Amino acid sequence: MADTLLEIKGLHAGVADKEILKGLDLTVRKGEVHVILGPNGSGKSTLMNVIMGHPKYKVFGGSVAFEGEDITALPTFERARKGIFLSFQTPEEIPGITVENMLRTARQAITGKHERIFAFRKELKATMAELQMDPSYAERYLNVGFSGGEKKRNEILQLLMLNPKLALLDETDSGLDVDAVQIVSNGVRKFHNDDNACLIITHNTRILDKLKVDKVHVLLHGRIVEEGGAELVDVINREGFTHLQQKA
Amino acid sequence: METEKTLYSAIPMRTWRWLGVNEAYVPSDVVWNEKDVPAAADRKLSVAKGTVREETVVYRTEPSGRVTIDVAPGAKLHLTKVQLLPADKGHVDALEINVAEGAEAHVTIAELGAAETVTKVTINLNGDGALGDLAAIYLGSGSQKVDLNYVIRQAGRKTKAEMQVRGALKDRSEKIFRGTLDFIRGSKGSVGREREEVVLLNEGVRNRSVPLMLSGEDDVDGHHAVSVGKMDQEKLFYITSRGLDLSEAQRLVVEASFNPVLERIEDKALRAEIEQYIEERISDGK
Amino acid sequence: MEDLTKKKTYVEDIERSLYDIRNEDRSLYKSAKGLTEEVVRDISKRKNDPDWMLQKRLEALKIYNEMPMPTWGPDLSPLHMDDIVTYVRPDAKMTGNWKEVPEEIKDTFDRLGIPEAEKTSLAGVGAQYDSEVVYHSMQKELADQGVIYTDFETAVREYPDIVKQYFMTLIPPTAHKFAALHGAVWSGGSFVYVPEGVHVDIPLQSYFRLNAAGAGQFEHTLIICEKGSSLHFIEGCSAPKYNVTNLHAGAVELFVKEGARLRYSTIENWSRNMMNLNTKRALVDKDGVIEWVSGSFGSHVSCLYPTSVLRGENAKCEFTGVTFSSKGQDLDTGASALLLAPHTSANINTRTISKAGGKATYRSAVKVAPAAKDAKCLVNCESLMLDDQSRSDTLPVMDIQADDVEVGHEAKIGRISDEAIFYLTSRGIDEKEAQAMIVRGFVEPISKALPVEYAVEMNNLINLELEGTMG
């Protein structure tokens, strides 16, 4: 289908010799919001890392395609340039590189166009204001000395500035207070439109309040054991994962 | 005329001679030859595969010695070495521990007595996943001289080294601490930590700290830190405001600094003996 | 089944064509190889030394002959003093007019950007080619304020009283063997005198270029900042590559008087056949400040540990250094600080990088004398290893003889984390650029301390060094 963004078929993947994902299929189309639920260790973060091409993870079988092209063997930066973005669960602290420098370099790499410093800075400051970030953070080193909430906001800032086609949000709301979840959630809503898609891992339904969730997948022991619409979120919240254990 | 000195230990990499830290010599009143150690002072131990061994070495009257220990795969060694010699004696001692795959060496040292102490510890983390955990305290008072040369050599993959040394210097005492973390090429995934904290209790002491970190391997995570300073004056004021005199307050502060190491000594009687010894050294000396 | 683990490849050496263009050796005169009294007398005669200078040279030679080679540090065996030509006079006269500099020499400095920098960002420039300074100039306003900036030979001739008072008092020939060698055969270098209360707002720069093969460069730099004055001095060094060993044994003596402030910045980018055994010392009086910014890139072997002697109350030293050691290099660098008076403080901050079999050593000494009450000293050194063929060693010594002190030392060693690379590549930046960004970020504390043109130069050098690391 022309509007298919991500298509995963029969994916087996893991770390070193340990298989974590054991045959997984997933299709995400433009305009959709998908949510992945699952207990700790079910393979949620592995899935995100494999889609983004983390060198530590190995694909043992199956394929990952993006906009109809097989990207299973593609290095991470090429995937990013094609329009995939990962909001990290624990963003890296990198001393010496400012937020602005990294973002401008990244955007030039993705668009292939030179970004004029002043125009870029203006846009960055405006986006930071929307996320209620102190503008001085643009000059600070990447995530160094940021609080948990600031790091997550910085991830959403990058999401908005790089404007990918597919956003992978790995527990972007975890460890945040109510107000911070609100800001992050507004950011994701601002990003989302009919031409892009979100794949969200969350333990918290509040981030989903303002989004129209199209599909929910329950991941257990490396397999999708249940799929449904937005209503499945409430079912899982009420009943947990235990009743699905035998399906895994 | 310069008398012939016997070399006892040296740092793995030399530096400027004027600093006087490259080598340590056997004290002049000690007769000792590393190549010919009397059998009584030369202990060789081993910890069998998968077992746990607790060992305590105390120097109270016998001045010098050497202990060599092999820790077999998966075994655990808990060694406590305490030196409480009279304040008029010289002392040398060596400790060498070879740690095999998945084995652990936990070493706790209290270097407190003797007029002049020259001591060395070498822990070789030979096997993959070997652990070397060395915690030591020292106290210098009167005109004591303390010379420590600790080396943890990380050769196996994913080894872990922890070296923490806490000391206090008082009166006219002098001390040199050389602590080396040596990451050998191939020690991939290894982590090494070294930390020394020195409290200077009065003018006239001399502290030399030489924390070396050597690496032929990139896939390691090494860190060392040293801090040297006098007692926290706020803390001291607080304690004296409760009616304690200076030497009592000093003792409390020194004990507080030593406690994380002393707590590792399981033998309650030995620990009490050490605390008593520290108390006496801090209240007299001079 | 795709293994995404990255593969590393190495290149033999970096592209450094800019620095490597060597000119034909058109020297007017070269001393005989090796070091004898005849050679020293000959150099002295050709330089028209006054007799007191000749005596100093001969005294230094005697000390040189008596002193043993160092027993620590890098292997100095490639150095055969009998093969080193200690004095090479270029076919050029010292001039204050750039047009008069011979074409070929002018071209060399043009390529290195020296005249351009003089136009845009410097208040004065000196350029030394082999053993002699070929060009020297300074803005007239500074001369009017009494600032002296000249080549060292002119200083010996025109300001003998000042030179006699300071020359080789901070680095006496007895300091070590190569200080003695320097004392015997020194040639060229810069002399700066900043009178009381004068602030030189724009930097002065001397550039040292060693063109002749198998030669030594022994320039002497003497800077005196009188009471309450300030200066930023920049030193640049380079040489083309030869298959024979060249030697650089310069000496830098800095006198920072009461309340004065001196910043001394260096980017050394010697070729890979250079033995760089350089000595730099600063003596700082009450309330004075010495700031060192030191970048060590090229050379086969370097031994460089700028030393700050803080003898006045409240004197301060700041040292920021970066060292990048690649294939075939053994760079032994660091700093020393002697805190001799109350309320003195030293701050030492270094970054070392090693790659492709290069060896980088951080070596330092901090001494706090009994009189130095309320002294503070903070040392922070971080080492980054880019592969498992290289070495990185840290060997600091602290000798604390006062009790009312605050001394802290911290060192780290490690590599670029895979997670940091993944984070940046997940934002669309390719691996090579991600690695370069992280290395640049690693040395950020140092580039921040440099004027912007030099920070750019340092980043370029780092990019050159990194080129080809990733396959």
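Brief remarks on what is shown
Letters are used for the chains, namely A, B and C, taken in the order the chains are written, and counting of residues starts over at 1 for each.
The definition used in the following text is that a contact is a pair of C-beta atoms (placed from the backbone, for glycine too) under 8 Å apart; a residue touches a chain by one contact, two chains touch by 3 or more.
Computed from a predicted structure; not experimentally measured.
Taken chain by chain, the contacts run in an open path, each chain touching the next and the two ends left apart.
Centrality annotation: C (chain centre taken as mean Cα position, compared with the mean over all protein Cα atoms).
Subunit B and subunit C have Cα centroids separated by 39 Å. Chain centres here are Cα means. That of subunit A falls 50 Å from that of subunit B.
In subunit A, no position touches at least two other chains.
Put simply, subunit B touches subunit C in their complex at residues 13-17, 19, 21-22, 183, 185-186, 188, 198, 200-230. Interface residues of subunit A facing subunit C in the complex, by the touch rule stated above, are 52-61, 72-73, 75-77, 79-81, 85-86, 88, 91-92, 94-97, 101-103, 105-107, 109-110, 141, 158, 162. Contact residues on subunit C toward subunit A in their complex (touch as defined above): 1-6, 417-420, 422-431, 433-434, 437-438, 440-445. Per the touch definition, subunit C reaches subunit B in the complex via residues 71-73, 363, 365, 370, 383, 385-388, 390-415.
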